[in-house]
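Order of writing sets the labels: A, B, C, D, E and F. Residues in every chain begin at 1.
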């Protein structure tokens, strides 16, 4: 912004707020893209406010990570302006998301997209798969989202991962809610499912998850994959799900043994007056970036 | 419901709760139809809960009307089950609403539809105009809703009344928010506009409104037509607008001098923890029914 | 409280907070009694928090009244501790409220009771009528509350004023919701009713209200008598009702032409996160005290 | 409902929403009975909305259970209309609940009652014990609810289980809040108590719970038995308590080794704007039904 | 922002959202400056979110003004980034606000500041008075804010206007809450007070307000000057106050007969889940800009 | 309070409500002091309501502790009135808190202070260290709070523990958020840090914590040290943190092996409509008192 005089000001809606080291798009390794699609969510509603609330919360985070002993923000975290999304046809909207996502990924950037609904994921996966053929998708979610169509459309969030299968194979973690039709079709699809109830009984589940993944991994986090105790702010908050140590532990393991090429965090539907869920999302994203870039020479160590 | 034994129970989601005199569809003059379409609302969201909350509130109303000196519920108020609305294409969805609405109106019933977004109104107006050719629409609203298209579709709530013009001419009351494009096109359309700011200066505005109407009138109430002081629970709550005495006074006058043939109440988006707006809608609907049917022989007088 | 050392502290739950001039029970003209009965309210619930929230809000009021040009708090406003109310039988509970109320009124104090539900009013009216035989009750309310019994009991809030008739005659103001049964019985009861819809058309309604009152007046304010625009925080918020200028104008007129001997404010059911309704109640009570004691020699004038 | 024409509609307030296989009362194995008694709760209030919110949430559940590998809804889940409950004397109200409960249980149905307050449980236990003499009650709860009387009545929720002892012996799980008087009397009563703090130290506590039960078991779930992390929506949310894996694990074990003959879920007091607690209750009830009827021939398997 | 590719995006936190005609700082007549000071507010808290919520709401406004028959946004409305405000000493903080304000005003811009607390106003008034000596301040407020010091500081919001007197004379409108000390000192200060209770009785009050003003006018709007019916979202919501027609009518009159040189809107403290108050502020600000610049050649007319 | 007649009443804002055994200041072992400082909190705000909400919740607790088999309230728990805190300079305010705290501690009382912000802790620690030289501080917290200054002041909550180091050495538990500057300085300060992420991997962490403590221990609980699942009501709710069994287990161990001389609970910022967090604080405080005084001869055992 071009101002004729200077004063201390707050950076509006930039991940991490006014980061001590700021970089341009070109100099940044991580590109945050807000994609507030909110159109077919069937229950509580409100995912359109998700990206906004995550960015606002992120300015209250500390930047040091005591687990990894590093502060990675120096690799460059650049936040794009929110995509403006018409409410007309879903098809061209997803095409545009795919195009913009590829503009970023194609430039060798780590794209971190903020939903919005899960229905955006197929477009993002498609862009990533163009760049990284053969990659896996790691989906953390309560729901399989494997319906072929739902409420008259194939672009509903309930179909998100079925459509993503066109572009990559899947590993699904935390699953604890599926229709009888999905239960029937699942064994025939190119997906490995880790049910929440089974994970509880298998102390080695994290290793098994990583083993199922290709070398390149796209991570899609539907926030309802986590326990509603820590994540009540979502449309269909299914009891059970991943705890904070579980989800961060899994992401760390994946980052150590595979290459995470892109990620999204979707389906946050903020509860007015309650900041904890948005704050958790901000922190989760920064943890993911930290795991991914801890070894980068620009990450600070003491 | 067929139960093998009896007990006192609450009527679930029926307008007025368990009315002392209950009638069947066939014996009822008034048919309440919940149409919770919520798909393109651009700001707060939540109109899908409107019909549900109005019906719940309505069971806490008293049935006597001290203004008209009557209790009209004996004319029969029958509540239909909520329409199930797929989220796919808007076109067939509106066709189905039109069909169901005509099933009711065509049987000489007074159809009172509960939205949901304003985008349902063109379908309802179309059904009414099929039965009552030459009728007027009286729209109470903060917004002209006269855009030709918005966010990539002609089925957005911002276009509702432009599409209704295909079926009937309009009188618009309480208008206080329009785009420059709408301001330009309005004089060329088949509509009479009563701006909120002008109404405040004309003590005869109600008479002028009625004079602009045809003999048969369809009433479409976007709740944002009312003052946000009494109706904060809507997507874009524009300051100004009709007070309770104004909206009830106008409806009474229309009922006395014209024939109201059908009506809708749309765009209620409940605020959790605040019942007053839903209660107001319930009462407003009962007032409208009372004005309309006060002279019916089945209305009770003392 | 007996403390071995001094420090500035906040007075907990005393009307007006830490008033500059504090008086003991004996030296006070006004006694505030919190009576948080909350047992049979049929809709939203929460009147038990009413007294607490009003007292908390009252500590944020200013004490000067620019309308009357006085600060009356020097007449002594003493706040009693909240009554502890068992939930067993309603009969003995009301007897105890009547006893405590008479302990206050019998000592020539101005008793100002804070509900809780309207069902406490008959006990308070009974105590006042013992002291001031022949007095009137001025009830400000949306509902007639004239049912003989409701939901299996005569002690429901819906019956409060029917039971009060045993002790005094009534003037009812702001009425805009009654059952058909009440509409039938009202003309036969010892009450004068000012319907909200009629008041709107009669610029002299306040004089007519005062004319209907005896020399001694007990004022019972069900907060739902006011417009939900300013008072949404109540169980059944009926549209219409008294504005702030109307309710304060009426109370001033009554205070000038009659003697207000006691009062209650009932049915506040706070909405979490919204302080305006509680604040209004606090201010309304202080206005009432100001009107009543403006001529007292201990009231300060400049 | 008798309609002269057809359209897709939503089933209002039926457990599971519009189940693919619908059965009549007679053909159903499970009968859901909403009993929204809300009268003596001493803190937050709002249990009257519990049944309604659970039923609304239940329509957003998936029907397949991946833990048991079955979809049991085909055994027939029939939802009765909400009981209408006068607020007069508690005694006849409980008698009526007992009568209605026995009408269901006596017809060999599995009665699943939705509260409302815990004070309804003695009536439900009484009806079940009439049919299944010698049965145990398994109570999941934070509080012993073993007071002899509380706030002037024996029908308070704080006395619910003391009164249930007249009809059956008890096993109490998750207890972490009791008065000194209850602590004294507990060892003399016909109850086995599993304190939350002890369960944490005994990996075999679930087996011990089951061992304490008779062959026939009535399950009473006060939702405050669960951890407030997952169940904040209750009147006195005591820290500690059962997690989701614990409560579902226990119910499964009981279902496998004993016969659950009836159940209730009580004391849900919804927090406006937060759906997770109601959703959890809906899912918990469906889990309970699934464990109970997994072996039924009408349950679907793949 | 420098992006290597283009896409439709949302303008983050710019008044009016993505205005069709965008201008730079230099080309803009109106400069919006967010100053979210929130440090000494004594009751509800939360004014720090005021500027953010107003800007967010403003993007949902229409730009045409049907009252004035114009769309003024073409005069250029430029939004500065939020000032970053340390919480240390109040003195240097106000000095910095004064400096930044003068940077804008000194460049012949119309500065519109968004609070934050009322304690920022003296700094803003000081900057304006430097440019426009002899100007008046028109304060719309429930409170006189004329204390000399409050809670140990002269920089409290309760002292805002007393300090502003150092820079300009005052006209205070809507006053309905003052301490006895303020009532004593007011007649001796350089201020003209319009009490809310007196305005209600004087149909000419608006003219009297304008007559009391100098040629150049700074407008300070404490949102609690308005009726809590339309503005509940503030720290001490005093009953009474200006309605929407009153506040807009007054601002129009002032704009027509005097020159408004700068303005602030302060003390909005958003209620989570309720957008109406923020929306009203956005609209009020656009009305003020419209009245002020309706005659500007860059304002569009049809 | 001196009343001329008796009645059952509720004790307003006294820890534990109306305790069966009430003692005076002099006869009490435990003194509860509400210190609602709320001035520099940087995010959500609202800690000023913390003490009030904890005390209100505490009246709904049971007094028996089933873990320790005792009811300790007989040792005397006396609640002081809330400190009145001017908003001027922070320095004299902290001096006054220190003075009042020492008035209590110097009389050999166990002082339990309720915040308010963490910025009050240095004053409380100073008072305790005067009485108990050589004592340790055990800080349970998500944040190190070890900044030297923040937002222009050394009295910000972000600096609380850095300033406490002047008076005592530290053990910090649950830490999971720190700035890079803090990470650098921490190894040079007189503090032992237990990072949340490390505690998860060390089953002996509680013993290590106790081993790090001096004989006398001051316990400072910033509620954000706990998991947001159970404690969402705080300004910066960091994911991770202590569970209920962990925090109570640690406090018990410290009480058994060391002497807890005083404590504070700070940074509760209540969420309107959600009582669980306040209730947890009340219970946590009573647990702490119970562990500390379980061996006292005045504690009741069965």
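To be clear about the criterion, contacts are C-beta pairs under 8 Å (C-beta built on N, C-alpha and C of every residue); 3 or more make two chains touch, one makes a residue touch a chain.
Nothing here was measured: the structure is a model prediction, and the numbers come from that model.
Participant: Compute the shortest path length in steps from subunit B to subunit F over the network of touching chains.
Facilitator: 2
Participant: According to the touch definition, list the chains common to the neighbour sets of subunit D and subunit F.
Facilitator: Chains touching both subunit D and subunit F: A, C.
Participant: Count the smallest number of chain-to-chain hops linking subunit A with subunit F, moving only between touching chains.
Facilitator: Steps on the shortest route: 1.
Participant: Pick from A-F, A-E or E-F: which pair repeats the contacts of D-F, with over half of them the same residue pairs?
Facilitator: Comparing residue numbers across A-F, A-E or E-F, the repeat of D-F turns out to be A-F.
Participant: Would the interface of subunit E with subunit F count as same or different, where same needs over half of all numbers used to appear in both copies?
Facilitator: At the contact between subunit E and subunit F, which are copies of one sequence, the residues are largely the same (over half shared).
Participant: Can you compute the centre-to-centre distance for subunit B and subunit D, using the mean CA position of each chain? Integer Å is fine.
Facilitator: Computed from C-alpha means, the inter-chain centre distance equals 40 Å.
Participant: Take the average of all CA coordinates in subunit D, do the same for subunit E, and state the distance between these two points in whole angstrom.
Facilitator: One centre to the other, that is 55 Å.
Participant: For subunit C and subunit E, let me know how many angstrom lie between their CA-based centres, rounded off.
Facilitator: So the centroids are 37 Å from each other.
Participant: Tell me, which residues of subunit B touch at least two other chains?
Facilitator: 42, 227, 229-230, 272-274
Participant: Can you work out from the touch definition every pair of chains that touches here?
Facilitator: Going through each pair of chains, those in contact are A-B, A-D, A-E, A-F, B-C, B-D, B-E, C-D, C-E, C-F, D-F, E-F.
Participant: Which stretch or stretches of subunit C touch subunit F in the complex?
Facilitator: That would be residues 1-5, 7-13, 18, 24-26, 52, 56, 80-84, 96, 99-100, 103, 107, 272-273 of subunit C.
Participant: Enumerate the contact residues on subunit A facing subunit B in the complex.
Facilitator: My answer: residues 38-40, 42, 45-46, 48, 86-89, 150-153, 156, 272.
Participant: In the complex formed with subunit E, which residues of subunit C make contact?
Facilitator: Touching subunit E: residues 60-64, 66-67, 71, 227, 229-230, 244-245, 273-276, 279-280, 283-284, 300, 302 of subunit C.
Participant: Quick one: in the complex, what on subunit F touches subunit A?
Facilitator: Contact set of subunit F toward subunit A: 42-44, 143, 175-180, 182-184, 195, 197, 200, 227-230, 232, 236-240, 271-274.
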